[in-house]
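Working notes, structure below.
When the chains are written out, they are named A, B and C in that same order, and each has its own residue count from 1.
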Amino acid sequence: MWLYAARRLLMTIPIGLGVTIICFALIYLAPGDPVQSLLPPDATAKDIAELKHAYGLDKPIPIQYVIWLGHALTGNLGRSIQTNQPVLDEVTRALANTIPIAVISVVLAFVLALGLGILAATRVGGVLDRVSTAIAVIGISVPQFWLGVILVIVFAVELGWLPATGMGSAGSDHFSWFRWSESKYAIMPIIALTMTPLGILMRTTRSSIAEMLALDFIQTLRAKGLGSTAIVVHAIRNALPQIMAMLGLQLGYLIGGSILVETVFTWPGTGFLLNKAILTRDIPLLQGTILVLAMAFVLINLFVDLLQTSVDPRIKRT
Amino acid sequence: MSKDSHMVLERPADRGGRAQPMLIAQGMKRYFPIRGGVLNRRVGEVKAVDGISFTVLKGETLGVVGESGCGKSTLARLLMHLLAMDEGEVIFDGDPVGQLHGLSLRDLRRNLQMVFQDSYSSLNPRLPVEDSIAYAPRVHGVGRTEARRAARDLLQRVGLRPEYFGGRYPHELSGGQKQRVNIARALALNPRMLILDEAVSALDKSVEAQVLNLLGQLKREFNLTYMFISHDLHVVQYISDRVMVMYLGQVVELGPVDQIYTAPRHPYTIALLECRLAVDPANRIETPPLVGDPPNPINPPSGCRFRTRCPHAESICEQRMPLLGEWNGDPANHLVACHMAKPGSGHSLAGYGMAVH
Amino acid sequence: MSDISLIGTPAAESPGREAPAATRVRGYWGNVWQRLRYDYVTLFFLLLILLIVLSAIFAPLLAPFDPNKASMAHRLKPLFFRTNYLGTDEQGRDVLSRILYGGRTSLLMGIVPVVVATIVGGLFGVVAGYAGGRVNTVIMRCMDVFFAFPSVLLAVAISGSLGGGMVNQLITLTVVLTPPLCRVAETSTSQIRSMDFVDAARASGASTISILLNHVLVNAISPVLVYASTLVSASILLASGLSFLGLGVSPPTPDWGLMLSTLRQAIYVQPIVCAMPGVAILVTSIAFNLVSDGLRQAMDVKA
């Protein structure tokens, strides 16, 4: 098993490198010279050349990449052009705001999906099955940002129960999960984030469990006289690795793809940071955020893969 | 009576003459790498085919028997050049295949075709069977209507009414019907030799008999040479002129069918034949003739590969691999790869001949 | 030849009876259609999609107003305000007309990237699946690097770097959708490659192109097409998300995502009107999802 883990880790390195290359190459996609955005329009050629040299932009591209990679590996992702803060600090602060809501959303989606999915799988074709299928379809079809807007309309504008935007009444630094006046800001973002994973997990759960229940070994268990609850538990235990894998994946998607919901709710997480970086063309911040998020996704995938392998005896471990 | 006048493609000419063997295989080897370890390196090899040489005479049926994993199917694919060989040479009707002055692969295809086992994947599920049959002629330049007409003609020859079956899809045919289509497809290029790889293994017994009879019929009609691969001893006995016995990637015995079946000389062949169940309940087998599993093809035993299961194994068997010997060209020649059969090999029973039960 | 009794000849058993007429059996797609015919849910939503597409194409004829005609006097009017059936937006433009015209952009953004990605990704996938070995490893490892990004992040990253505009958005979406399609095509092709009939085709001396066109593609393509149909909805969602962030078409072009973004400021005034573009996205997305589901079910059963 450990051999497999080592091999898997080794395979991650080239992918990680590829990710860094893409992150690095992104700025070269941008139209115009990256330096132009930093200077006033009347800058002389000498000023431009000086700045280029200061940023190391006058060296050939592969060298720039290696230097940048070296810096990144030691945690130096440069400084944000806007705030002049180290990028790593900004990103980690934002990540600390995104991870809690992402985790809660995924767990919530999982619990609901598991419950409804199991009920639906055991009563295939019944009313509950159709209803939960409908919920699943809506879950994967609904635009997250629109759902956010609807939630704001219903709960903030019309009913006035929940605050529309922001993280905490006095900024994110004063946020606390334990005080209602603060944590209520997190409710709608979490609901908005939950819908898509809910839809996907429901489908996965339903199909995994239904698939399991149709297998021959279930018939054997039934023939031996096992009660239906126990059978369902058996089926769930076997389907769990698949579902857990999807769970991990969805967590990764939420952390990496939270930009839409965070923009609607002005939630100062990594997504919001990303948006800000794009709007202000803050290249170091943009690069740094994308790199950190992509790496997080890669690591989550790795973790999920290893978890699934250790739990599922069918997967070859040489 | 030759039916070639109805075939859309001409049968390739006989270049070597009657004495020239149809197919000579020399030193065929194919190993499959196994990857493992942290860096996915090659940690071992499955020696699927390890030094096989034999000859197929014109107009005969050479049966090839062996258990699962002995390399029969790999051998078939190597001969058909569907799989690359690590070592070895194939000489078809006197011309070496794939070499500058020999037979090109395309010409080999015109001469040598294969009938596959009837599995769900032997026919393209999206093509009506007549199009599957017509494909090969079209590849070789025949027009669409001509090829279809020829395909229908072939369906007729294998016993399927073309109007009824031509437009059908494989999933609408029974096993026996699909196998007839497989045979028709193999005949579409009017070849001179067919390799049949487990051609009747997936069929019910009654259907199997029909298809075997059909094969015999077609052989006479088209003047074909067959190489018939199977794990079923009865079938091989029924259809073959000569038989080749394979074990773990090597040939252990080769000879005329009646000699192999009534006077086998290799301990493996003997044991294999004893495994056949008799229909007479008075004739029960008390102890299994062959015990244990075949050894790992990744690490075959040194020397003779059968020695771990052979009741007559001695130290010489561990030291030196017994060779099959050179075939003298006579169809009645009976070769055995066993130290006991060669006088002076060092085995205590060498040269005394095998006592048959 | 008289020895071989012909199967399928009733005349062999009872001479004198008429032989059955020639039967050309229904092919694969015929079977699929047969199953779809009775799937009323899928058919309904297929019709809905057709309506949506037609309404987008004929927007100039259907729209009651010019989508770009602003009117400061009639800003943010509610639903059914005179002839503005869906109200007006923050610049006084008719929302219904803008939604109809916006459908053009959104549908384009949904369908074109999927089509291009299917062709490009499918090509790479088939080559990788059929060739195997080194070629396969190289292609799939490259795709794996793209898989290392969550799709929204990748879309935002590429789009954010390229800049806004419709062409850039199309490019972004195509790049994001190509790796998954490549992977599906590769898996499908590898499976087909290992089947005996491909070996039989090779044994007949056919060229690789001929084998691919006649035998491999026709079998390998259906999972790819089904998967592609499921991606249309995702593409529409991604596209509108990008527009919402300002990375898509620029104003005043009507686009559902962009409309949601600009209307967002007005939710305290006319909440229902502001929600309308999202309803359009939702309905379109649901329709495509359900139709692709139905298609998948109809094609899944072993014919």
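Note that a residue touches a chain if its C-beta (ideal position, glycine included) is under 8 Å from a C-beta of that chain, and two chains touch if they have at least 3 such contacts.
Just so it is clear, the model here is predicted, and its values are computed rather than measured.
Asks: Sort out for me whether B-C or A-C is joined by the greater number of C-beta contact pairs.
Replies: A-C
Asks: Based on CA centres, what chain would you say lies at the far end from chain C?
Replies: B
Asks: Most central chain by CA mean?
Replies: So the chain nearest the centre of the shown protein is C.
Asks: Can you compute the centre-to-centre distance for chain A and chain B, using the mean CA position of each chain? Integer Å is fine.
Replies: Centres of chain A and chain B (C-alpha means) sit 56 Å apart.
Asks: Could you grab the centroid distance between chain A and chain C? Build each centroid from C-alpha atoms only and quote it in angstrom.
Replies: Here the centre of chain C sits 24 Å away from the centre of chain A.
Asks: If you average the CA atoms of chain B and of chain C, how many Å lie between those two points?
Replies: Result: the chain centres lie 48 Å from each other.
Asks: Across the complex, what residues on chain C touch chain A?
Replies: For chain C paired with chain A, touching residues are 141-142, 144-146, 148-153, 156-158, 160-163, 233, 237, 240-241, 244-247, 257, 260, 264, 267-268, 271-272, 274-275, 277-278, 281-282, 285-286, 289-290, 293.
Asks: Within the complex, which stretch of chain B touches chain C?
Replies: 77, 80, 82, 105-106, 109-110, 113-114, 116-117, 119, 121-128, 132, 135-136, 139-140, 156-161, 163-165, 167-169, 171-172, 177, 180, 185, 188-189, 214, 217, 221
Asks: Quick one: which bits of chain C touch chain B in the complex? Just the residue numbers, please.
Replies: 1, 3-9, 19-20, 22-25, 27-28, 194-197, 199-207, 210, 214-215, 218-219, 302-303
Asks: In the complex of these two chains, what residues of chain A are touching chain C?
Replies: By the definition above, chain A touches chain C via 14-16, 18-19, 21-23, 26-27, 29-31, 137-138, 140-146, 149-150, 152-153, 157-158, 252-253, 255-257, 259-260, 263-264, 274-275, 277-279, 286, 290, 293-294, 297-298, 301.
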